[in-house]
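Going in written order, the chains are labelled A, B, C and D, and every chain counts its residues from 1.
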Amino acid sequence: MTRVGIIGATGYAGAELVRILCGHPDIELTILTSRQYAGVKFDEIFPSMTGSVNLVCEALAIDKICDNAEVVFTALPHKIPMEIVPELISCGKKVIDLSADFRFKDSATYEAHYQQHTAKDLLEKAVYGLCEVYFEKIKNTTLVGAPGCYPTSVLLPLLPLLKRNFIEPHAIVADSKSGVTGAGRSLSLTTHFCEVNESFRAYKVADHRHNPEMEEVLTIESGQPVNLTFVPHLVPMSRGILTTLYTTPVKGIGHKDIEDCLTTFYSGRPFVRICTENRLPDTRNVRGTNYCDIGFKLDERNQRLILISAIDNLVKGAAGQAVQNMNIMLGLDETAGLKMVPFSV
Amino acid sequence: MTRVGIIGATGYAGAELVRILCGHPDIELTILTSRQYAGVKFDEIFPSMTGSVNLVCEALAIDKICDNAEVVFTALPHKIPMEIVPELISCGKKVIDLSADFRFKDSATYEAHYQQHTAKDLLEKAVYGLCEVYFEKIKNTTLVGAPGCYPTSVLLPLLPLLKRNFIEPHAIVADSKSGVTGAGRSLSLTTHFCEVNESFRAYKVADHRHNPEMEEVLTIESGQPVNLTFVPHLVPMSRGILTTLYTTPVKGIGHKDIEDCLTTFYSGRPFVRICTENRLPDTRNVRGTNYCDIGFKLDERNQRLILISAIDNLVKGAAGQAVQNMNIMLGLDETAGLKMVPFSV
Amino acid sequence: MTRVGIIGATGYAGAELVRILCGHPDIELTILTSRQYAGVKFDEIFPSMTGSVNLVCEALAIDKICDNAEVVFTALPHKIPMEIVPELISCGKKVIDLSADFRFKDSATYEAHYQQHTAKDLLEKAVYGLCEVYFEKIKNTTLVGAPGCYPTSVLLPLLPLLKRNFIEPHAIVADSKSGVTGAGRSLSLTTHFCEVNESFRAYKVADHRHNPEMEEVLTIESGQPVNLTFVPHLVPMSRGILTTLYTTPVKGIGHKDIEDCLTTFYSGRPFVRICTENRLPDTRNVRGTNYCDIGFKLDERNQRLILISAIDNLVKGAAGQAVQNMNIMLGLDETAGLKMVPFSV
Amino acid sequence: MTRVGIIGATGYAGAELVRILCGHPDIELTILTSRQYAGVKFDEIFPSMTGSVNLVCEALAIDKICDNAEVVFTALPHKIPMEIVPELISCGKKVIDLSADFRFKDSATYEAHYQQHTAKDLLEKAVYGLCEVYFEKIKNTTLVGAPGCYPTSVLLPLLPLLKRNFIEPHAIVADSKSGVTGAGRSLSLTTHFCEVNESFRAYKVADHRHNPEMEEVLTIESGQPVNLTFVPHLVPMSRGILTTLYTTPVKGIGHKDIEDCLTTFYSGRPFVRICTENRLPDTRNVRGTNYCDIGFKLDERNQRLILISAIDNLVKGAAGQAVQNMNIMLGLDETAGLKMVPFSV
């Protein structure tokens, strides 16, 4: 049993890590930290977990974490991870960071959209934790920068097609719709029940920090500059992201090519389900699970390929993918602890 | 007081007509028909209306309607209106039809997407009831084909810009998100609470009947062929459509040009609110009202103009716009009966 | 046109007052105050109101209010009203206070559940603004303490029966369920969308401050000590309170007696609708309106009378009833500005 | 691996059985029947299950079921089970029926509320599947009548206290609130999204078929006639029942007695969590799990004990408890396949 700790266990992503790791057959959850709830039993903060986890949240003390865990998840607002991850790494820990701090190869891009980067030397070492694409690199690293929720939903459908040059690298539109857990557990008027209920709206239009993250990965992987316009929207539901992508297929590429390309690329990958024929992705079908469902439709009249993906933003978009990374790093079955059967309703 | 009848008063659009017309100062609601509920008091079917309306639903009898109403709304599934509207028109009635039957100028387009048209001679006479665009024609007609809910949300932002050649007529994407009343009051698994709740999905991808409706109007009004890819989505809420439009601005067109174009076009139009600066449309802000809110953002990095509109699909997208048409046809104040102050929450 | 001001216009009850008063035919809204938003246009805070109200929120200045308004609504947390209302009254203003400060006759009860009362002399003068019960007193007062939302839903069904001694004054249970606007617009984890969505729970079980408010009114009006157990619950919806009351009918009292008692008591009262026969109250049917729907069922097997009431907590439970009080105080038609036709859906 | 079949696998309870049994370590799901979907792959009907279950729904054929399963779940509308269960039993199968057909000891009560009973001889043999109360009997039976969802939420808090004579057997009120899955997957206006959303109402007031079911069990177990008034309500959410019980404690019984009674009775029972002190049950905390959370509050002022329970109606209220029964019947660990960690949000 590998001992595992979570720094920042009481945000929504942190609590979802606890949920998943509680039921993981090969690890033991040994330490949880929380600035806000230090000294409080975890199941007092999240009473649903009564009987499932029996730990008290602690203040952050790197020494104690190093003593009690071989693997550490950091589920914190960006900026804090780059202050503490270097020490965890130098103590020989395997680290999966859920913030933006270790997602970028180019520190200038990070600094343009976040702030000064104070652990640049680790950027090269860090692997972008999109498991279906960087499996081999993840296996051999000690530091993963887990992808953002929106990027996961955008990259998985696009990458196979861009790598094969089946779609044009310019003029891609990503219209994403997210449930409210994506905004976190912190209080704000924009997450007040009455402000969200019976409301639908866009936000940070073509101005979201996940946009450069997506473009960097797409550009690196496809070997050509990729630009996309990204518009996120808020849906009155708790969990789930649906992304609708509008792309231009290269001349001659038809329905069968696209289906084959996606099916082949994700052959044997347990968490990507290609929806063929009549089925379209629905956030409900992936709720609470690590699946990414991908469907598509060719609008031949307008020579446009529409790709649609659905994930649970807290699972494949955060905690689930983080655990998937851990499994790969530890040489475990990639699906260990992640075999939740989804609700039918 | 003009006497008004509604044929098909017990669907969601019909009942919304009742709600609005009940509070209208210049008309009297005299007759309601319903195939399903003939003989039943309207407020037994919709108990919220107890005290507001005191009519019994009747089976459809054209004679009786002609005796009791000068203006008739037909809120029926397509195909039925073209069977009964000709008789109403020949009795000298003013008719506002909420189905697709009198929306198209080109009967071939209608027939390609619906069925054979059996009242083609009326198509020329009929006016497309998009009030902000066809005000003068509506004033002088006796037959209005009221626009679909999605088309209203797509056409209002696009038309001013296309007419001025500020955006390219090709490669337009309309990504729309609708509340569930858009699917009507009929029973189906897709509107079962548990299938919609905590779900978000696309449907009829690039294959919705409102697509040709939009293209016909855009093509006629802009004087050039306009193509668009239209993808509707279902949102777990009752009312509202938010449409996000992705367009390419013509070279040299900047933020100020777009703002001026929209502001000028809708100057003096009481139901279109242009959201300048920081405000973006939200379906919540138009709930229960006849407003269409329009906002935009220029993504200069990708030379793309993103337009966003919000309407209440049952009001500006159906019953409210139908009443607005009636007001114009009768020479009343365009806002009569439509001055609802929206909820703040 | 009577000039009206609102102190505390940017909470949910305050904003609902703005919505209703905007459409009121006999008054002019002249001044809005807000501690949090002084200097900000009201329609920037509530964009839905764009075009309906054109006032800038101000800091509280009693002088300015007295100069600009004959009627003042105070929609503030308790304790603040008792500090400012005395001055408004001595300036000759008519005041409707929505807090608990002027609801109690017995200051000791107030002090046991809130805090020291610093304007006790006004308590005698103040009238409890339950319009259907205290109409005559309201007509002649300058100070109304508007009832709480839960008490309104509890008192309206109970009072007619208790006054007639049709039900036992002991052992009454009030099981209430409220939408989330009842918790206000302030931020708290308990109103975070994700904490409320797909959740149902009780809170402040038999320990809510509205309990003594209900008991005082019931005791005074029925002329005998009345005790009730009150348990509120939170419903994942924005607006509405449904209260289910469990009472013991006095021997010999049957269905017809109860129906007659309620129907007679509320005869001619425009905002109370008695649901006879098969219809049961539903919060949806009163949404956005000043109605209180009341239904009942006699469980003869257990000799128990179940009464059910539905109101919109922000309207009949707060702003609507406050405006109804104003109408009565000003000698206007009681329904002025309150004739909203409810949504059918 | 025990082979298991489900008759009626495509209703909400049936599909929930599939979800749970898919992840059960000790059984193999071999056959699913569905009248409506015979011949259709299960994961086409419930696409969320793609990759989890690979069976095609079949028409009902008792022979085939007997050949392929040792344990059979019947998740069908009442009346059908009593027609087919006798044959399954005589083939030596273990049967867990989720309908009302085998819940009653007294066939006259069943017949008064349902219809004629055609398999009365099995009623004596059948065990009421409330696992925490009838564990020993369940271990030794071949036929379980699984409790209704409401009765489970009512009986678990009441039984320990009634058995100890801590509360009065008369004048009990059960005010229950259920999510919409409780109404099943069949289409009806009452489960249409737009009719449920932003709505809260009671239904079948003191007239629900679960009432006699509760009273029979309470009467048998407490050895005295127990009457209760039961009022169910519909909550705009998918899953969960919260029941608020109003009871009269016997003189001298205090907080500690009640806590001890509940804690002792459920000591060692893995699925009942007694919420002590400040925590109150919330449906969100048990969502997707087999837990029943129980809390209470003594209203000493009114000498009333308020008990509150929360379950997931599809799990502890249906499929989960059915699987718990199977585990007991097969001598497996009672929690096998039921160790889902709940969502924190």
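Please note the rule applied: a residue touches a chain if its C-beta (ideal position, glycine included) is under 8 Å from a C-beta of that chain, and two chains touch if they have at least 3 such contacts.
Since the structure is predicted, the reported quantities are computational estimates derived from the model, not experimental observations.
Undergrad: In the touch network of chains, how many steps separate chain B from chain C on the shortest route?
TA: 1
Undergrad: In this assembly, which chains make contact with chain C and also with chain D?
TA: The common neighbours are A, B.
Undergrad: With contacts counted as defined, which of the two, A-C or A-D, has more C-beta pairs across the interface?
TA: Pair with more contacting C-beta pairs, A-C versus A-D: A-D.
Undergrad: Per the centroid of Cα atoms for each chain, what is the distance between chain A and chain B, given in Å?
TA: Comparing mean C-alpha positions, chain B is 39 Å from chain A.
Undergrad: How many angstrom between the C-alpha centroids of chain C and chain A?
TA: Result: the chain centres lie 46 Å from each other.
Undergrad: Could you grab the centroid distance between chain A and chain D? Build each centroid from C-alpha atoms only and quote it in angstrom.
TA: Computed from C-alpha means, the inter-chain centre distance equals 37 Å.
Undergrad: Pull out every residue in chain B that's touching 2 or more other chains.
TA: If we look for residues of chain B contacting two or more partner chains, we find 12, 181, 185, 194, 197-198, 236-239, 282, 284, 287, 345.
Undergrad: Which residues of chain C touch chain A in their complex?
TA: Counting only chain C, the residues touching chain A are 12, 180-181, 185, 187-189, 191-194, 196-198, 236-238.
Undergrad: Which stretch or stretches of chain C touch chain B in the complex?
TA: Going by the criterion above, the answer is residues 12, 15-16, 18-20, 22-23, 44, 46-52, 181, 185, 198, 238-239, 270, 273, 275, 279, 282, 284-288, 291, 314, 339-345.
Undergrad: Which chain D residues qualify as touching chain C in the complex?
TA: 171, 173, 175, 177, 179, 194-195, 197-203, 205-207, 227-229, 231, 233, 235-240, 242, 244, 246, 280-284, 287, 297, 299, 301-302, 304, 306, 308, 310, 345
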